Amino acid sequence: MSSSAPRARSLAWALVGPTLALLIAFNVFPLLYNIASSFTNAELIGGEWRSVGGANYARVFEDELFAGALRRTALFVVCAVTLELLLGFALALSLHRGLPGKQVVLTILLVPMMLSPAVMGLYWNLVLNGNYGVVNQGLTALGFDPPQWLTDRDLKFWSILLIDVWMWTPFMMLIALAGLNAIPPSIYEAAQIDRARPWKVFTRITLPMCTPVLGLAVLFRATDALKQFDLVMAVTGPNDAATQTLSTLLYQVVFRDGSVGLGAAFSCVILVLVIALATVFTRYIDRLQSKDVTA
Amino acid sequence: MRTNSWTLPALLALGLIACSGEASRESETKTADASATPSIKVWWFQWDPATGLQELGREFQAETGIAVEVQQIPLASYQEKVFLEFGGSRTNFDIVIGDSQWIGRGASGGLYVELTDWLPTVVDLATIHPRAAKYLCEYPEGSGRWYAAPCETDAVGLAYRKDWFEDPKERAAFQARYGRELAVPATYEEFRQVAEFFQRPDEKRYGCAMPSDRNYDGLTMGVQNLLWAFGGKWKDEDSNKVVGHLDTQGTADAIEFFKTLMKLGPKGCERLDYGQVLESFTNGSTAMILNYFAFFPGIHAQFGDKVGFAVVPSHEGRRVASLGGQGLSISAKIPKEQQERAKRFIAWFLQRSVQEKWITKPAGFTANAEILSSPDFRAKTPFNGPFADSVDAMRDFWNVPVFNKLLAATQRYVGMAVDGEMPTQEALQKLALEKERILKEAGLL
Amino acid sequence: MKWLRWLVVALYLLIATAPLAWMGLSSLKRRADTISPHAKVLPAAEAPSDPTSPRFEATLDAYRELNVVHAGAQQSFWRHLGSSVLIGLVSTLASVALGTCCAYGFSRFRVPGAKDWLFFVLSTRFLPPLAVVVPVLIMYRTLDLQGTHVGLIVLYTVFNLSLSVWLMKGFLDEIPRAFEEAALVDGYTRAQAFVRVVLPEARTGMAVTAVFCLISSWNEYGFAMTLNSSGAVTVPAYFAGLQGNIEGMPWPQIAAGALVFVAPIVLFTVLVRENLLRGMTFGTIKQ
Amino acid sequence: MNALELIDVSKRFGATSALDGVNLSVGEREFVVVLGPTGAGKTTLLRTIAGLEAPDRGQVRLFGADCTHASPAARDVALVFQNFSLYPGKTVRENLAFPLLAPGRQLAAREVDERIQWAAQLLRIERLLDRSARKLSGGEMQRVAIGRAIVRRPRLFLMDEPLTNLDAKLREELRVELRELARRLETPVVWVTHDSAEALSMADRIVALFAGRVVQVASPRELYLRPSTPAVARQLGSPPMNLIEVRRAGAAWRLPNGDEFGAAGVEAPSEALLGFRPEHVRLDGGASEAVVEVVEHLGPQRVVVLRWGGAIVHATAPTSIDIAVHQRVKPSVPPERCIVWPRS
């Protein structure tokens, strides 16, 4: 079937061509446009482009804003994905061996990840409102002095992070469950015959068998967390120094300030970082997929 | 579940068919509308005055046969949406009621139609309140070049719980604690005292609230009332220079004072947008708010006599109110005949008789100086008097073409100062440098 | 150990569902009750006389008012939902169709530079949409696609392709080639073999892929907001646009709308739930 | 007319050559077994005949017509795969009907039913017809897979190790049955296997394929007795043919340690590889001594492993003879039973 006949080759291109063409059109043209405009003073509306040399790049590297957004985004990705992974895996382990009503529980648990982050971010403003929010009213009634979740400068970043964890832990749980389901029962039976301790079974069988699929789940979640935009926009807006992420800073620079050239320079810097990250990740995936885990 | 895996595509397809039918109907009605009656589309942000303007628009249609549609865009995204439209080859709106600060960007970018020669032919410019003309309509300020006709004049004012202020028990307690009568505060010191008096979180009662949101311009509008009163400035009026003018003791004092007020409000009051300021008042928990007059008719309608209104407090005799309000500008990116229709509407709107109707609409605040100074107007509502007084005291933030960058920087650095993330002096110095950088880049310095 | 598992699940269930339950309650309130400093937690038939009471009068007004064109919007919720449905469904179908074809090509044929292409496909997923939105905007202005349903459909299709290709490739790789080869020898053409043999075997994968594509385009916000000042505004952009609403947020309608908005996705997910559990291993655990 | 002719067919995959100048013909009712070790190119050969691979060079002719570039569908051959047997989502009946419902075939519904019934009867799987393919045992699955092939009455059967995944008993049973079936259907078969017993028991003719080349084409008996290369020799028989390295000294072969093995012809090369079947080794009458290392009992006979002059030699011995480990014997091999391959 993998015949090298020209007919097969043209069929292959006919199958993969449209997808690749679309992806190229929507990624390569923007890339070229960004590179070109990053050396100019391009504005969102009107005006001729005037070359400014590397000034935009100089600002990206000098201005604390950009470094801050990068740092914050990295922190967000690491913390959110770690928490989601741990919680999701713990839940999956708890659910895997069956509880009464597992199917119903599972469905309910999945709901947060189906909600729109933009709408939910908005809604959390009501729930976590420092004045009339139900959470703080509840805490006050219990005798606590509740924190200002969304306005305290040290706390609001973490509040957004927790909302993200609330929304996306179900995704990790789902994938972990799929992984656990796919482990052949015969392997556990063998362990039972050997009278292995539960902890041993977990570290020697369950964990290594699930690692590859969890790795992919982490990859997909990390790519999403890297783009974090909706929640920050909904909770604090794009111009809050304590919560600015890559995407929201870009929004502020490009759409509020109208500085397309500066935004393009920043995008190009992000792109370089992203390619580096993506390379590491695809290597990892390659290794996972070529390794036959069950041996 | 195997059979079910086909259900999804099936449902998808069904929904699709249903929706495409819906969509095609939608486009049909649209084209039908366009051919039937000539119409103009006005964009404004979402609030009461826009509804009032829509009502006036119906009268205009009755008189001229030109339909007027006022579309209300939420404030937080209003600026982006309008300028996104201007980025295209034709705007979706014919008239934009643009925020006062936008006028430089609209005028110098060739986005607004210049009205300098045309406007005097339809209205006596002398009847327009000079501050409204300067901030809402002209660019550069006071240059005599007009890019907008005044629509809504607005300023920040004070609303307070009259019922609490008049409660004898409260009055006695206040007298005992501060040695003076509980009265509507005239100065910021008094304002702070009263706020402190009413700040009782245990009773879910709070002292004061004012705009402090970081998203669009809330914090800047909230702070600048104090800023000017305390002798601070955004810039040197003549030279646009910022360093040495913004980073002064007066500005720093104002921000420090503002920070003390942030402790006397509902929880989270250091980040309230206009709507949330209003909310904290209308849910009955806050004694005083500083907010735009345009909201006061709604408050009055809800609370009646339980509320009172006043001009913003002063400091050492200086009283300045943040200007609000917007002018009517015609998009340069629409066909000539649409521009002519837009002009007809503006000319109609500026007539004295229509302005008289305008002030009967909720928060329809005219810029007509004669109407504003008439005793009739002042007596009509509890807030008209303070409003008329405020118009004389109003000032605006930047309105140069790069106001948006200046605004973003201001929001950021003042925000850091208010949050205590950066010492106030340091934040102001950094802000001043940043502003000069932006101005230089734009060739304004 | 069993009680521990129970505890973990029960605790998390509480945390996960409490905000949703509160949303349900909020959708039954009047606006003033949603922002009351005295939390209203108990629905009642009649309004209580005491304003500090935890009771509130339950009403379905919020749901009824979804067909009202709310101040600050240009269309009613239902029209925005219509846009969301149209855009979400068409883009999902297109992503799954294109992604399946592409994955089939990579899975069964020797495409020159296949590894590099697949890497390229995956790498498009890393880039924040905001980094490409300005050029896309320029492109759309030229093509007159700004603010149209078609514009968003194309965009969502494209940005779901990487997920779709990678998921489908995992699924298709697990279908033995012999399935189609047998059909070819039996007298079917390649296209017929694809439709008659491969697609039925891949439907689990397609359903899973569709759910994920649908969730992401249904809820997408960045493009929906920046590319549409009016016109094809989807529900997330509509609701998020109400933020900073000068008269305060219409919380009951937002709660009601959010619940209505998530319902179709929950329904789809329930339908393909078991496929999700079977399918989401990306071919990393071989049986 | 031959059912199948391959003329100089070659096929490369990247750097490796899967088929290298293969020539092959199959008669109209012939049962041909292609025998070769794993990786010899057997599967590629079948796929090339079926049209799933296009040869780089050479010609494929079916019933006299050039089919080199014809699509698989146009060739009207049936292929039974080694690893795939059935569509798991379909029932047995649906699986059997699938080839009949192919678009070009246009059979009436009744005829489809009749053919399914016929094939099911032939293979004794009638009771399985409405069962899901997932719920079949290995043997049942393989029967149905073969049913899929016969049901449409193709011009040629191609079988790719169809019995490999079955257990030994079932394999032997099906071997006999399928040989009989092929005879009854009067359809030529190309059967690929690495199992020499299968090849020997079923084939009219065996094609020995090594590293993409046809090494020998012969009847089972001839191939068994006179393999053309040591490789073919190794592939056939259990235990396989003995292959030992010898040198000629005068008129006798000498084993590696110098002991005498037996007489050599005068024209024989000075160094050679000798091949002889275990059953041709006698345990007496030789010139030199060997030690019995292992004795395996295989029912009717025993296999004796001998250490003989530095080489290991397998021999068979009837159960009637007493023989024990460590016993010393003087084995001999009749010269006419030895195949000589010169070494250089």
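Which chain is which? They are A, B, C and D, in the order written, and residues in each are numbered from 1.
Following the convention adopted for this analysis, a contact is a pair of C-beta atoms (placed from the backbone, for glycine too) under 8 Å apart; a residue touches a chain by one contact, two chains touch by 3 or more.
What you see is a predicted model; the values in this text were computed from it and never measured.
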item	value
Those chains which touch chain B and also touch chain A	C
Taking each chain's C-alpha mean as its centre, the one farthest from chain C	D
Distance between the centres, which are taken as Cα means, of chain D and chain C, whole angstrom	56
Whole-Å gap separating chain B and chain C, where each centre is the average of the chain's CA atoms	36
Centroid spacing, where centroids are CA-atom means, of chain B and chain D in whole angstrom	90
Residues of chain B whose C-beta touches two or more other chains	2, 76, 80, 84, 87, 213, 215-216, 283, 285
Touching two or more other chains - residue numbers and ranges from chain A	1-2, 4, 44, 129, 131-132, 255
Numbers and ranges of chain C residues touching at least 2 other chains	35-38, 181, 184, 226, 242-243, 249, 273
Residues of chain B defined as touching chain A within the complex	76, 79-80, 83-84, 86-87, 109-111, 206, 213-216, 266-271, 280, 283, 285, 404-405, 408, 411-412, 415-416, 419-421, 441
Partner chain A, residues of chain C touching it in the complex	1, 4-6, 8-9, 12-13, 15-17, 19-20, 22-23, 26, 34-39, 41, 98-99, 101-102, 104-106, 108-111, 117, 119-136, 138-139, 154-155, 157-159, 161-163, 165, 177, 180-181, 184, 190, 215, 218-219, 221-222, 226, 235-237, 239-240, 242-243, 249, 251, 254-255, 257-258, 261-262, 265-266, 269-270, 273, 276-287
Interface residues, chain D side, partner chain C - complex	47, 50-52, 71-73, 75-79, 81, 83-84, 87, 89, 98-99, 102-105, 148, 152
Chain C residues within the chain B interface of the complex	32, 35-38, 51, 71-74, 79, 82, 85-86, 89-90, 92-93, 137, 141, 146-147, 149, 203-204, 206-207, 210-211, 214, 225-226, 229-230, 241-249, 268, 271-275
Residues of chain C that touch chain D when the two form their complex	176, 178-179, 181-189, 192, 197, 200-201
